[in-house]
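Shared between the two complexes below is subunit A, which pairs with subunit B and subunit C, respectively.
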Partner chain A sequence: MSAFANSLASAAVVVTVGAVVVLWRHRLRSIVAALSVQGVALAATAALLGIHEHDRGLLAVAGLVLLVKAAVVPGLLARVVAANPGARESDPLVNVPASLVVAGLLTLGAFVAARPIVALVGGPTGRLVPLGLATVLIGFFAMVARRRAMSQVVGLLLVDNGIALVAFLVTSGVPVIVEFGSTLDVLFGVVVLRVLLARLSAAGFSDLDQLRSLHD
Partner chain B sequence: MVYWLFLAPLVAGLVAMLSPWRPAVAWLGATSALVVLVLGVGLAVRVEHSGPIGSGVLRVDALAAFLVIVIGAVSLLATVRSVSYLSNEVQAGHSTLRHAALYSTLVQGFIAAMVLAVVANNLGVLWVAIEATTVVTTFLVGHHRTPAALEASWKYIIICSVGIAVAFLGTTVLYLAGVHAHVANPLDFTSLAAHAALLNAPVVRLAFTLIVFGYGTKAGLVPLFSWLPDAHGQAPAPVSALMSGVLLSVALSAILRLRVIAVSTLGPTFPRVLLLAIGIATLVVAAVMLLAQRDLKRLLAYSSMEHMGIMTVAAGVGGPLALSGVLLHILGHGLVKGVLFLDAGEVLRLEGTTRIARLGGLLARRPALGAILAIGLAGLLGLPPFSIFVSELTMLRAEAGAGLWWVAAVVLGVLAIILAAILAHGRTMLLGPSEQSTRSPVSLVAPLGVALGAAVWFGLVAWPLAHLLSLAAGIVA
Partner chain C sequence: MNLASLLVGAVQLALVVLGGPLLLGLMRVVRSRLEGRVGPPVSQPWRDIAKLARKQRTRPSESSWIFAVAPLVLVATAATVAVLAPLVTLAPPLASSTDFIAVIFVLLVGSVALALAALDTATAFGGMGASRALTIGALVEPALLVAVLALSMPLHSTNLIAIVANGSRHASTLLGPSHLLALCSFIVVILAESGRLPVDNPSTHLELTMIYEALILEYSGPDLAAVTLGESMRLAIWLGLFVNLVAPVGIAATAHPLALVVGLVALTLKVVVVGIVVAIFEVTTAKLRLFRLPELLAGGFILAVLGVVTGAVMR
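For the complex of A and B:
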């Protein structure tokens, strides 16, 4: 394998492993750190593809991804965590060993579901698409298996990073303008979520189990 | 002319953001909605006369012009009512001037994002616009800042963000199919539709499935619908009117446009099976939740799911007749549901509750509010002469005409259950004695009455929309 293929594969693997770390660790601070590392790996993926294909737009996207997903978004979340230090994912609905088994099964599922894409794209990039899809699925799982409002935001960001990885791998990024738009949308979304998180904790809610007033 | 659509919401939004809030600011917001409506009519006339306007990223065809008219009409209704809604809130001390200003700004952003979503000819721009509606409306849902409103806005943004992320994945996968088929602009609806036969079928199948689930979340379709009754129930009444009346249909229209590409690549069977399954499941869920409903606003929210289900089923059947039914239904449902949410908002303000069991005797106590509720519910149930009667009949005829008798039978059966459920709830709320009777101001009754009148008009006489509707249905048939 070429150096390009090797580095690309390493970056993609780091993204997926980052998702597994989120399921594995209890402390919110470690979880935010894992997200930040994932952001760096994602930016590296975009940069590698940009260099390989001599695409300046993609390099700009890599810079934006690095700024937003490795620095700004984890920074926003870190400030929420700093408000209550030592915060942990208390008592998840699915315990850690079982979560890791589920993550393994989801990764297998991703390899099956991605077959049409792998067949169409091929090459060193196409082979890595299942890793992006696995990150998406692990993110969904983190959202349903965790109780803290914060963990749901983290799960959502995992889904988002997984999708960004798929987008970079299959098309070297959809057109730059769309990548910019979607990355900025993620940023706005996180800002909105952060405001809501602050209002939730001001109202005395941290656990989603306490959010049960609306039902039929 | 296309870019002018965004000027009025931009100006009204900026004024609301920068100047201290007063009723004049809210009236400016209503003027902006009127401008959108008038421009929509102007665009429709031009499109009917000389074909689609614009190319590239923004493009107004008959469908886009029709949807701009629907957005303009329901927005006009909602923003006119927002004036007294906000004035009352501020006077009662429920809302600070700053919150009222934020509300006015966000509503303009909401209208602009919906207009962008329907005139986008680019899948990426469409996605950004629909995502923007989520970001903008989250704070509108949480406007009351009660714990319940907070819970509703949390669920809303989390679940809709998941849906929108799935739609982005679907968009990327479709783009991949376009790139590999050497389509010139693989994110353009028009280029993709023109070259759909060349696309890789398994990849398009995956993309269409992801897009239906993704945008289906924003349209209130099964399986990710649980945000809908909470958000529509907790949002301020004019916002609920906009969300239920048009935002759901805007998301559905994205599915309608992408279905055309899926059908050209995959043939009719796969899209039909997928949409029929999701549509019927949505209808059944809505019917079950309507039967045991205890709250008026949640009743209206689940009824929106019902109508989205009906339209999804008809879209699954396909063909010009079914789609003209769907589009007329979008208009009729938008008007009637907008009126009902605004009426429910007044009921909540005056009665302090929307619990169905506690509203008994509404017709005697507040004759105007009660009568609007009664007439609106009749329109919603598809009783003649409302346009929903005509559009439902059209969709059922199309289903039977396509040989899908069982689909028409299932839809009719579920509609009969829903009719019984809503009639029973309506009786509980409307009938019964009351000691006093209060009149409602003309400023409330007049706009709601005009909107209900329009919903009847388009049921009886299709003029002047008939030609536009058939052109628009042709695009997504």
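For the complex of A and C:
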């Protein structure tokens, strides 16, 4: 096993483990920290691919990912959490052991479902695609199974990170302009969601199930 | 099986028997120092065992032979694994048939024997402790088996000696993500199986919070000495297996005396370091509520599953 394949696999695994940690931990602060670590691992994946393929553009993408997904986006969310530091995902719709088992099943499902993609792309990058797909599925599950608005936003970002990981692995390098566009979209989305979250918690809501009607 | 490998087995057994209680003593000393106490000397568990062995034996009047046999089963299973596992050397007796799963289940026989003995006493605390211990055991087992599966994937073999030998020959296996995830899961399993924090507080005096201590509440005299010795041997074996799976540095590839000495020193140093780390971790962490334990153990399980998936992906 080459050092490149090993380190690329480790970075991709950290992305998936980050998604699992989001389901595992109750404290919103830990969940946001896991998202930040996931951003670092995603940037490391891009950087490793960039070094391996001698692609300067991909290194620039890695820098962009590091800035936005490891620092800015978790930073914005952390400021919302800081307003209520002890906040917990205390009573998720699916309890933690069950959701971890579901995460395991989703990972196995991703492994089976990604077989054609793995066969198509091949090589040390293509075979890691199931890990990205598993991150996407776990993100969807987090959005469905969690009550807190913050956890659901983090679930959305897990989906985005998973898609980004699959994109890096399948195409061996996204053009800078494409990655720039999608990252900017995510950033704007998070800024809007952050404002919404702040308004929600100012109004005394953080559990979305309590919202029954729309007011002006 | 030849004479040399038998001798090697005897060396490993002696190390585990002598070193186990000292490891326990060391971890207690580290803990008390960090808590600002002087603490008992490192040899205190041995002194306790010697004192208890001289005392009178009392047994609950309702208890049967199970209660009497359990401490012996505990020590015997731990001793069997101490002889056969790759601790000091890769050439212990019966090396070709030392199956990882078999080794684990021989160790678990000891836990089950203690739980049965606790039920046998027919006391409330014994039953409560047995129920808790077996609940945890049932939750630990899937994580443990899947972690073993992940560790055995590169070789297509669950032979424990082969797995450790492969790690010592090819260092890249040790850094592979599948191996690392399986070992993370293994840490959770070890903390649960050896009754350390955050699963169980080994120094608690409050019966309602006890898990492992509640099992042995009725033991006294030589029986308690055997239980203490057996438990400390198991702790030493778990940590010894763990360090050799993480970093099989210095492990003796043959039964050559010089290599054995190197292996002995290397194993002792590694286990002492890991023991100190565990003790420091125990000071900084609180015991988890019993109903939160499934979350921790499910976390260990999912790490092992990810290890298996990664191993399958990387093939």
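Following the convention adopted for this analysis, the second predicted complex is superposed on the first by the 212 of 216 C-alpha atoms of A that agree within 3 Å, B and C clash if a C-alpha of one lies under 4 Å from a C-alpha of the other, contacts with A are read in each partner's own complex, and residues count from 1 in each chain.
What we mean here is this: a contact is a pair of C-beta atoms (placed from the backbone, for glycine too) under 8 Å apart; a residue touches a chain by one contact, two chains touch by 3 or more.
Only a predicted model underlies this, so the values are computations on that prediction, with no experimental measurement involved.
Annotation for the three-chain superposition on subunit A: subunit B and subunit C fit side by side. When the two structures are aligned on the shared chain, A:152 is found in touch with subunit B, with no touch to subunit C. Seen from the Cα centre of subunit A, subunit B and subunit C lie 150° apart once the structures are superposed, a value rounded to the nearest 10. In the superposed pair of complexes, A:182 makes contact with subunit B only, with no contact to subunit C. By the document's definition of touching, of the two partners only subunit B reaches A:199; subunit C does not.
Touching more residues of subunit A than its counterpart among subunit B and subunit C is B. Residue contacts after overlaying the shared chain place A:116 against subunit B, while subunit C stays out of touching range.
Judged by the touch definition given at the top, the superposed model places A:63 against neither subunit B nor subunit C.
By the touch criterion defined above, A:6 reaches subunit C but does not reach subunit B.
By the touch criterion defined above, A:96 lies against subunit C but remains apart from subunit B after alignment on the C-alpha atoms of chain A. Closest C-alpha contact of subunit B with subunit C, superposed model: 19 Å. Looking at the complex, you find that subunit B touches subunit A at residues 124-125, 127-128, 131-132, 134-135, 138-139, 142, 145, 147-148, 150-155, 157-158, 161-162, 165, 168-169, 171-173, 175-177, 179-180, 187, 200, 202-203, 205-206, 229-230, 233-234, 289, 292-294, 298. Put simply, subunit A touches subunit C in their complex at residues 1, 3, 5-6, 9-10, 12-13, 16-17, 20, 24, 96-97, 100-101, 103-104, 107-108, 111, 118, 127-128, 130-131, 134.
The touching residues of subunit C, when paired with subunit A in their complex, are 172-173, 175-177, 180-181, 294-295, 297-299, 301-303, 305-306, 309-310, 312-314.
Partner subunit B is touched in their complex by these residues of subunit A: 113, 116-117, 119-121, 136, 140, 143, 149, 152-153, 156, 159-160, 163, 166-167, 170-171, 174-175, 177-178, 181-182, 185, 188-189, 192-193, 195-196, 199-200, 203, 205, 211, 213-214, 216.
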